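Just so it is clear, A, B, C and D label the chains in written order, and each chain counts residues from 1 on its own.
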Amino acid sequence: MPLITTESKGVFVIAVTPFTDTLAVDMASVDSVTDFYFDKGADGLTILGMMGEAPKLTQGEALDITRRTLARAEGRPVVVGVSAPGLAAIDELTRAVMDMGAAGVMVAPPGTLKTDDQIFAYYQSVVDTIGADVPLVLQDFPLVTGIHISSSLLGRIVEAMPSIVMLKHEDWPGLAKISDIRAAEAKGRRRLSVLCGNGGVFLPEEMERGADGAMTGFAFPEMMVDVVRLAGAGDMERAQDIFDAYLPLVRYEQQPGLGLAVRKHTLHKRGAIASPQQRRPGAPLAPRAVAEVDRLIARQERKLKDIG
Amino acid sequence: MPLITTESKGVFVIAVTPFTDTLAVDMASVDSVTDFYFDKGADGLTILGMMGEAPKLTQGEALDITRRTLARAEGRPVVVGVSAPGLAAIDELTRAVMDMGAAGVMVAPPGTLKTDDQIFAYYQSVVDTIGADVPLVLQDFPLVTGIHISSSLLGRIVEAMPSIVMLKHEDWPGLAKISDIRAAEAKGRRRLSVLCGNGGVFLPEEMERGADGAMTGFAFPEMMVDVVRLAGAGDMERAQDIFDAYLPLVRYEQQPGLGLAVRKHTLHKRGAIASPQQRRPGAPLAPRAVAEVDRLIARQERKLKDIG
Amino acid sequence: MPLITTESKGVFVIAVTPFTDTLAVDMASVDSVTDFYFDKGADGLTILGMMGEAPKLTQGEALDITRRTLARAEGRPVVVGVSAPGLAAIDELTRAVMDMGAAGVMVAPPGTLKTDDQIFAYYQSVVDTIGADVPLVLQDFPLVTGIHISSSLLGRIVEAMPSIVMLKHEDWPGLAKISDIRAAEAKGRRRLSVLCGNGGVFLPEEMERGADGAMTGFAFPEMMVDVVRLAGAGDMERAQDIFDAYLPLVRYEQQPGLGLAVRKHTLHKRGAIASPQQRRPGAPLAPRAVAEVDRLIARQERKLKDIG
Amino acid sequence: MPLITTESKGVFVIAVTPFTDTLAVDMASVDSVTDFYFDKGADGLTILGMMGEAPKLTQGEALDITRRTLARAEGRPVVVGVSAPGLAAIDELTRAVMDMGAAGVMVAPPGTLKTDDQIFAYYQSVVDTIGADVPLVLQDFPLVTGIHISSSLLGRIVEAMPSIVMLKHEDWPGLAKISDIRAAEAKGRRRLSVLCGNGGVFLPEEMERGADGAMTGFAFPEMMVDVVRLAGAGDMERAQDIFDAYLPLVRYEQQPGLGLAVRKHTLHKRGAIASPQQRRPGAPLAPRAVAEVDRLIARQERKLKDIG
C-alpha cells in the first residue's frame, strides 16, 4: 500500500462518514462516497477527521469504516485521523489502521497544551509512541483546536521529527505560514508536504504561495482538482475564474459547526450518500438554509456554464 | 443630533482611524475618510471600534477623533465604540461622546464573562452606569470576544433593557440568529435593529433573513450600499451578482488580524486616507499580500464591468 | 449491586490507576489500592476519572480495570467516569460498566460547549443516549473543563433530568453554589447529592454549607472521612483542627498537573501502590518536590500527634 | 525616588483601592492603608494591580491615587500597574507615574497573545514604547490572563530585555519555574528579582526555591514579612509554623473573584480602610462568608498564640 511522503501532492478529500436515517454507519454509502471522490479526481482521501464525525463513532465502527474505505480505494492513498484524548488510544488505532494499509495518520494537538514547548513535546510523544516509521500529518487548525503553532515552532518540529511528512494547513490567516515554510526550505530545511484545508476558501492564493494541494472536504471536489491542476500548470487566471464560481458556496459551507450539514446535504443531493443524517450533536440543515444552499448551487451551475 | 433607534436601517461603516507615517493621528485623513464613506452612500458611521484601533489610542486622541468626525459628519449619525476594561471608563467616555453629539454607543462584552447570567448582568451594569437614555449597540462578535450569546439569552437582554436598540451582528454562523430574532418579534417581542458585520461576507443571506443593513468596514462600502438597497427592493439576484463580484476581496479582507492591513491598504489606494499605517501590534501588509490584493481588485473591476 | 442515589453521602475516593514501572496497568496494585481506600474508611470509589488517567488507557484496559475494581470492592459502590469526545463512546462504555455492576457513571462537559443552552442540551443528549435509568454524576470542574455552570443553569438541568442524582462539585469558588442548591431544595426542588472535589481544600466549609461528603483523591482519605464524620456529628471545631493539620499537603497536592505525581508518590510511600509511575504526559515528581512533600508529611504527622 | 532593580527583595504588598460607601475613591483610606502596610513591615507597595481594581478607575482617578500613595510612602518604593488594552495608554500612564516618582511599572500580557513569539514581541513592544530606562515588572499570572510563559520563553525575554528587572511570579504550579530561573542564573544568565504572588499560598516553598520575597495582597502582610525574614535567616521550620497558622485564611482569600471581597472585609475589620466596598462587578461578601472568614480569623489568632 502506498504511504504519503514529503513529496505528496494533489487533492486529498476529507471524507464524510455516512449514516443511515437511523444513524447506523451506512457501509454502502461508504463505498459510493469513496467512488464519488475518486471519480471527481481526488488523489487520496482522509477519513475519520473532525468533519468525518470521528469522535461520534465507537472504536469498532471506526475500524470497520477504515477497512471498508481502504478496500474500496483499491490502492489509492487513504490517511486516517487518529486524534484521541490519550496516547494509548492513538497508538492502538494507529497500529490497527497501518496494518490495514493506511497511507499515514493525522493528529491534531489537544486543546490543553499551553506553550510552544508543550506542543513540541506532545508531537515528540506521539512520534515516540506510534514509531518514527509511520508517516504523520500534523493538523494545524487553531480555529477548532485553540492551539496556535507559529512558523518558528513548526520549524523546530519539522527539524526534530522527520516522520511528520505533511502539514494539513488550516491556520487562518495562514498564507504567510506557507511562504515561511517554503522560504525555510529554500535555505536548506527539509521539505514538508503542505495540503490546505479550511474548505478551500484560500486555495488559489495558497497554491501560488507554494502549497502542494488541498486536504479538505468541499462537496464539489472537482473545484479543488481543477484549481490545483491549473495552478500547477501556471494558469492562475483560469484557476481563479473557476474558484470564484464556487466561492459563494465555499463560503457558506465553511460556517463552523453548520458546515458539515451543508456538505452532507450537498453530497446527498449529488447522489454520493444515501442520507444527509449526522449523529448528535450535529444539527440537521434547517429548511431556510436548504433553500439558501440550493439557490447558491443553481447560481454556481449558471456561472460555470458562463465561463465554459 | 440624531440618535439611533430600533428602526435604524442601512449601512453604518466601521471607520478606520488614520495615522500619519509617524503614527500620529491624521486629522486631515479623518476628514477625507469620513467624506469618502458618505460619498459612497453610507447612512452613518461607527468609530472607535475594534477595527478603528480604539485600544491603541489615548483617551485624549479618542475624544479628538470623535469631535472631528462628528463635525465632518454634519448631522449624520455616528456611533462610538466605548468598550473598556471597566465601567468607570465606559461611563466617562460615553458621557463625553454623547455630549459631543454621538448617535449612540457600542459595547462588546469582556472576555472574562463565563455564564449567561454573567453576560446578562454585565449589560445590565452598563445600562445602569451610562443611563437608560443612551442608545446602546450590543456588539455580538464571539470570534474575537470569546463570548457566545445564544438566541435565548439575547431575548432576555432585549426584553430587560430597552435602551439596547441595535445589534451589531457578527456571530458566525449567525444566520439562524437573525431568523430567531425576527420570529420572536413576530410573536410580540419588541423590535431590535440588526446591522451585520463580519466584513459583509454573508450580507445577501442576512438581508433575506431580515437584517436591517450592515455595520462593517469593507473598503468598498458601495458594495454594501448596493446590496442593502437591492435587497430592500426585492432584487436578490442582482444583489447577489454584485456581492459575488466583490466576494473574493471580502473573503481576503476578512482574515482575522490581517484584515485591517488589507482594508487600510485599499482605502489608501482609493485615496481615502493618506497613509496605510497602523499602530503596533498592527502588521503592515507584506509585499506578497499587496500583490494578491491588487490582483483581486483588478479582477473585481473587470467583473463589475461585465455585470454592468 | 448498589446504585448511587440523590441520598448518597460520605466519601467516594477518586482512585488512581496504578501502573508498573514499565507502564503496564498493575492489576495487583488495583487490588491493593482498592483495599487501601476502603481500609481508610471510604464509602465508595470513583474510577476512570481525570485523576485516574482515564484518557491514557485503551478501552480494553479501562474495562479490565473496572472489572477488577468491582470484584475487589465486594458490593461497595463504584462510580465510573465515562467522559469521552462523543456520545457513541460514552454509550458503549456506560453499557459495559453498568452491566459489570457499576453504581453509576460520571460525565464532565466537553470544552467545546459555548452557552447555557448548549450545556443543557449536552446533558440531555447524554441522558437520552445512556438511558434515564442509569444514575449519572455531573462533574462540575470549570478549572479543567473551561465550562462554567451557573446555579440557575444547574437548576434547569436538575429539574429536567432526574437521572442526574449527584453533583461532583469542584467549581472554585464554589461555596455559594452549595448554598444555592440547598436553598432551592428548601423551596421544593428535588434533592441532589453533592460530593465535593478539589482535593478537599474547602471540605469543612463545604460540609457546613450542606454538602453530603467528598469525592476527591487526596492521598490521606482518612482526613476526608474524619472531617465528613465530625461535621455530620456537628463537631466543626474538631473537624477543622484535623483538616488544618493536613492542609499544607492538601494545598501542595492540589497543584494542577502536578497533583497526581504528588498523590501517587504519597500512595506509593504509604504502600498502597507498587510504583508511582504515570503514563505520559504525566511528569514524575522531581527530587526537589519529593523533599518538599516528605517534609510536609513529617510535619503533618507531628501535628496530628499534637491534636491527639 | 528609589527604583526597583534586579536585586530588589522583601515584601511588596499589592494594595487595595479603597472606596467610600458611595463608591468614590476614598483618599483618606489610601493614606491609612498605605500606613497600615508599611506598619506591618512591607518593603514596598504595588498599586493599580488587578486586585487594586485598576480597570474600574478612570484615568484621572488612577493618577490621583498614585500621587497620593507616593506622597504617603515617603520615599519607599511603589510599583504601579499600567496594563491596558493598548500601548498608547500604557505609555501615557507610565510616563505620568514615573514622573511622579514610581519605582517601576508592572505589565501583564493581554489574553489575545497566542504563541511564544507573540508574547516575546509584546514585551519587546512595551519596552520599546516606554523606554528601556523604566524598570519593568513582568506579571506572570496565567490563571487570570490565560497566557502561559514557559521557562524557556521567560529566558529569552530576560536575555533580550534588561529593563525587565522583576518577575511577579504567580504561575500555578510555579515552584519549578523558580528553580529553573535560579539554575539558569547559576550558569551565567543575568539576575532577575522574583517576588511571588498567589496570595502567598506557596510562600515557604517559594523562598526555599530561591524567591526574593512576596508581591501579593494577603490581608495579614505580617505573615509574609515574617516568612520572608525567617526564610532569609534559614529558620524554615519557624517560617512554616507561622505560615501554617495563617494558611486556612490564605486559602480562603485566594478564591478567584471572591478573594478581594475577603481581603477588603478583613482590612476593614482591621481598621485599615473605612469601607469594604468594591466597585462593580465586585460582589460584596455574603453574610455566610463573613461568618466563615471571621471564624477563620479567630482560630488563626488562637494558633498564633499557641506557637508564641
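The rule we apply is simple: a residue touches a chain if its C-beta (ideal position, glycine included) is under 8 Å from a C-beta of that chain, and two chains touch if they have at least 3 such contacts.
Given the structure is predicted, the values throughout are model-derived calculations rather than measurements.
Asker: When the CA atoms of chain C are placed over those of chain D, what is the turn angle between 0 and 180 degrees, to the nearest 5?
Answerer: An angle of 180 degrees brings one copy onto the other.
Asker: Tell me which of A-D and A-B has more C-beta pairs in contact.
Answerer: Counting C-beta pairs in contact, A-B comes out ahead.
Asker: Would you kindly tell me how far, in whole Å, the mean C-alpha position of chain B lies from that of chain A?
Answerer: 33
Asker: For chain A versus chain D, what separation do you get between their C-alpha means, in angstrom?
Answerer: Roughly 47 Å, centre to centre.
Asker: Of all the residues in chain C, which ones touch at least 2 other chains?
Answerer: There are none in chain C.
Asker: Treating touching as the only link between chains, describe the layout with one word: line, ring, star, complete or other.
Answerer: The chain contacts form a complete graph, every chain touching every other.
Asker: Using the touch definition up top, name the residues of chain A that touch chain D in the complex.
Answerer: Residues 114-118, 142, 148-150, 152-153.
Asker: Quick one: which bits of chain C touch chain A in the complex? Just the residue numbers, please.
Answerer: 53, 55-59, 61, 84-89, 92, 111, 121-122, 125, 129, 279-281
Asker: Residues of chain B touching chain A in their complex?
Answerer: Residues in contact with chain A: 172-173, 175-176, 179, 201-202, 205, 208-209, 240, 243-244, 247-248, 251-252, 255-258, 286, 288-289, 292, 299, 303.
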